[in-house]
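Please go over the structures that come below.
Each of the next two complexes has chain A plus one other chain: chain B in the first, chain C in the second.
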Partner chain A sequence: MKTTLSACGHLFWLTIRRQLCSRQTLACVALTGLCALIVLAWSRQADPTAKKLAEQVLVPTFVAFLMPIFAICYGASGIGGEREDQTLIYLLIVPITRPLVYFTKALAGLALVAGWTGGSLFLLCRLAGVPGLKLFAMFLPAALLGGLAYASLFLLVGAVFRHGTIISLVYWFFLEVLFGNLPGIVKRVSVAFYVRCMIYDSGGDLQLGPLGRVAREMFLPVSGMAATATLSAAVVALLALGVLLFETREYRDAC
Partner chain B sequence: MNVADYPDALPGPLAEFQSVTKWYGAVIGVNDISVTLEAGITGLLGPNGAGKTTFIKLLTGQLRPSLGNVLVCDAPARSAAARRHIGYCPDADAFYEEMSGRQFVRTMARLHGMSAVESRERTEQALAEVGMLDRADRTLRGCSKGMRQRIKLAQALVHQPAVLVVDEPLNGIDPVGRRELMELFRRCAARGQAVLVSSHILDEMDELADRIVFMGRGRVLAVGTLPDIRAMFAGQPLQIRIACRQQRELATRLIPWDQVLRIELSGIDELLLQVVRPDDFFRQFGELIQATSFDVSRLETTDTTTEATFQHVMSAAAKF
Partner chain C sequence: MELDQAGYRTWEGQPRSPWWGCLSIVRVGLSLIFRRWVFWILIGLGLLNFLFHFAFIYLKATLSVQNENIARFLDNYKVTGTGQAYADFMFAQAGICALLLAFAGSTLIGSDYRQGGMVFYLSRGIGKWHYIVGKLLTIAAVVTIVTTLPALILFIEYGTLSNSFQYFLDNPRVLCGILGYGTVLAVVQSLLIFAIAAWVPRTVPLVMTWLGLFALLKGLADAMRAIDGNRYWLLLGFWDDMNRLGRWCFGSLDPNRIPSAGYCLAVLAALCVVSLVLIVRRVRAVEVVS
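Showing the complex of A and B:
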């Protein structure tokens, strides 16, 4: 038991270290820098308000773009990266049970996604000044939960499919971006919908919501509580499904 | 687990296939295999598609048998308990490339649950065993294929497993290195480890393996030492080369023998024979030499090598 815990602890830090020292981190730094420039440019306007910052910058750039990118970078590459590099075999021959391997890698990936999501949100809010600091607490729970849901999903995709990163990108673009903006209840299959529901619910004072009357009427939101429960359940369910599939799956591409 | 106190104390096989069958959908990978691995070096041979890879993946717990059981030190091969007893050196040339050889081996030691101090000690031991102690600080992406192969072997040895599985271990290793690694495998076998070596280079097996597992079409065709397997095919013709100054006279005496199927004169003093029932032939030939004045300077069989035996096994298997 002690040796298993020690091995899992090492796997956790190994995953964190390797993920942080990867090309994904460079991509995250570059994209966060780009968003920071957008926020700086936005903050130079004459009348910057929290509502405008949320609707014009944070929802379209951070929630719809940066947050899923972090999840793809550190989620899909958790198991998927090991498969692509053909190093998964080294995790399959050590005396850690497969469920624990998956769970440990998931924990490391989720920690990184949470760190990047929280950190970059704080940076963007800070750069935006007073309106930003007002929004930070409002956006943080939704952003963290959304990031974790995305990361759990993309980790599962990486464990199941050979080219997990590409499939995750395709999924994000077609299901999240397209379905997430369709009218009606189809959008309820997307993570982005629940994230926005949480943000709009907590930002009630600022009257946050979709831009435009038609978009508002067709958004059909769920309550913040329901969105929180749905995303939390999704994280747990996706992790459990990932553990189950990783335990039973035979990786014939592992050498 | 430590080979110093474990494998010798364990009676019976270190790994066992019990009527194992593995299906990939409609395709059969291995078919009703029953084999045991004991202390010593076992060579795993077979043509492409014979089922060697499936065999190794079942043994290392990467695949689950469709039927039967694979046990390593009495634990199911897919369990974490079994993986404590098994070291695997894969064929693929893949590593955590950003690490040095030493860091990589130490990482694998830590993933086997060792403490920092223990992993450091075991890493140095494993690196010393594969002859990489003074070169292990180089980044893996800057290492030659031979060095990478040795590092891969070191990670398989670092937890001192009872069963060592090595897939094509001598690929990319120079002749001196080959000799060193063969010595290493012999040392492992001598201290009670079961070493399974899969290789396409049959000459390596002549020198290396204590016993051979021949595979073909998903089945184990033959298991045993080379002479044992060769004896199973006593009815198959055997090639014999005889060096004798009285080449033609000797040929004339041998032509009428029932056991001799073919005689070929080679050079000025050599005869190449193809014989059946070699035991009878050698007895009768000995009597002939004693009774006559033939000056025989050399007598050797040319197809008791692994390669020739492999050909016999495969041709016999093709008849089924």
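Showing the complex of A and C:
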């Protein structure tokens, strides 16, 4: 038992180290830097308010783009990266059971996504000044939970499909961006919908909501509590499904 | 064993220019992409917009015969056969094409760096430029399949479902626009994705850099413009620059609106030159390991 835990700990730190010391981390730094420039430019306009910051910068830039990209970066590459590098075979022959391997990789990926999401949100809010600091507490739970939901989904996709990153991208573009803006309840299949519900619920004082009358009427939100419960359940369910599929799947392209 | 028994024989034909090798690179590249099911899913999703327009043009042509008012009502859906409508259609297709190129860049260029395909290609009887042109043509072909070809089909459909050939005679600018916008998209996007994939060959960082470049630079351009209303900041958004230049090809760009097509062309030309320099520096037959 102790040996297994020690091996899992080693795998956890190895995953963190490999993911952090990579070009994708440099890409994350560059993208966060670009977002920081956007916030700095935005904060120089005549009348910067918290509502404007949320609607013009944080929701379209951070929630809709940066958060899913972080999740693709460290989620889809968790198992997908091992397949692409053809090192999955070494992972599968270590004396740790497959569910534990998946779970450990997932923990490492989720920790990285949570760290990047929380850290970059803090940086952006800090750079925006007073309006940003007002919004940080409002956005943090939604951003963290959304990032974790995306990451566990993309980790699963990376474990099941060979081109996990591209499929994650397709899912994000078509289901999240396209379905997220369709009328009716079809948008409830997207993670972004629940993240926005959490944000709009906690930002009730600022009257946050979708831009435009038609968008507001079509949005049909659920309560913040329901959105939180749905996202939390999704994280657990996706992790469990990933463990199950990773345990039973035969990887013909492992070596 | 004798050489002729092993199937080896001397080449007695006239050797052709190595530039013909570019076509082989295109053929191999396209077959490499076409045999992946992910590509067909992306193409299928990309063609949803095309199918919508295709069906709508047919519907409009059928209903116009019965009731002119219904046809005018259907014009609200922008399937009007004008340059503006085709520009909108190609702009929407270009968004899907960006996703496709993330996949194509990883498969066509990135894998050559990751798995040693570059050394294989450059050990043949072709040079660096033949390889570069071949790969660029392959990516341009993918862009054309998703953007220009569907627009051309819609143009032909719109004209042939009308009562005469007058539509084709009245709208030569639309045809030029489709070809012009298609060329802009193919040239700029192929150079840019090649440059990015050559320096960031792994799929995940490639996708992040590629999408970040288009999505976030546009956000930065809008934020900078909002400071003092200087519209020249909009030139930072490469995606919109391509769109403006494409609309200019269709003749639907307001000439008094800043930034003008000339500025967009200058920015995109500079971007293409920088991309080409990055590509040339990175395409080498050997990898120096330090």
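The criterion applied here is as follows: the second predicted complex is superposed on the first by the 255 of 255 C-alpha atoms of A that agree within 3 Å, B and C clash if a C-alpha of one lies under 4 Å from a C-alpha of the other, contacts with A are read in each partner's own complex, and residues count from 1 in each chain.
The rule is simple: contacts are C-beta pairs under 8 Å (C-beta built on N, C-alpha and C of every residue); 3 or more make two chains touch, one makes a residue touch a chain.
Here the structure is a predicted model, which means the values were calculated and not measured.
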| query | With chain A superposed, do chain B and chain C clash or fit? | reply | fit
| query | Now for A:S223: first (chain B), second (chain C), both, or neither, which partner does it touch? | reply | neither
| Looking at the overlay, does A:I96 come into contact with chain B only (first), chain C only (second), both, or neither? | first
| Which superposed partner A:I72 touches (first chain B, second chain C, both, neither) | second
| said: By the touch definition at the top of the document, which applies to A:Y251: first (chain B), second (chain C), both, or neither? | reply: first
| task | Classify the contacts of A:Q24 with the two partner chains as first (chain B alone), second (chain C alone), both, or neither. | result | second
| Touching A:G81, do we find chain B (first), chain C (second), both, or neither? | second
| chain A: partner with more touched residues, chain B or chain C | C
| message | Quick check on the superposed pair: does A:T165 touch chain B, chain C, both, or neither? Answer first, second, both or neither. | response | second
| note | In degrees, rounded to a multiple of 10, the angle chain B-chain A-chain C between CA centres equals 80
| request: Using the touch definition from the top, say if A:F173 reaches chain B (first), chain C (second), both or neither. | output: second
| field | Least Cα gap, in Å, left between chain B and chain C after the two complexes are fitted on chain A | value | 6
| Intersection of the chain A residues that touch chain B with those that touch chain C | none
| For chain C, which residues are in contact with chain A within the complex? | 36, 38, 41-42, 45, 99, 102-103, 106, 114, 200, 202-205, 207-209, 211-212, 215-217, 219-220, 223-224, 226-227
| said: Applying the document's contact rule, which stretches of chain A touch chain C when the two form their complex? | reply: 22-24, 26-28, 30-31, 34-35, 37-39, 41-42, 44-45, 57, 60-61, 65, 69, 72-73, 76-77, 80-81, 84, 163, 165-167, 169-170, 173-174
| Residues on chain A engaged by chain B in the complex (per definition of touch) | 2-4, 6-7, 10-11, 14, 18, 21, 85-87, 89-97, 250-252, 254-255
| remark: Contacts from chain B onto chain A in the complex sit at residues 24, 57, 60-64, 79-81, 83-84, 86, 88, 90-92, 94-98, 107-108, 110-115, 155, 167
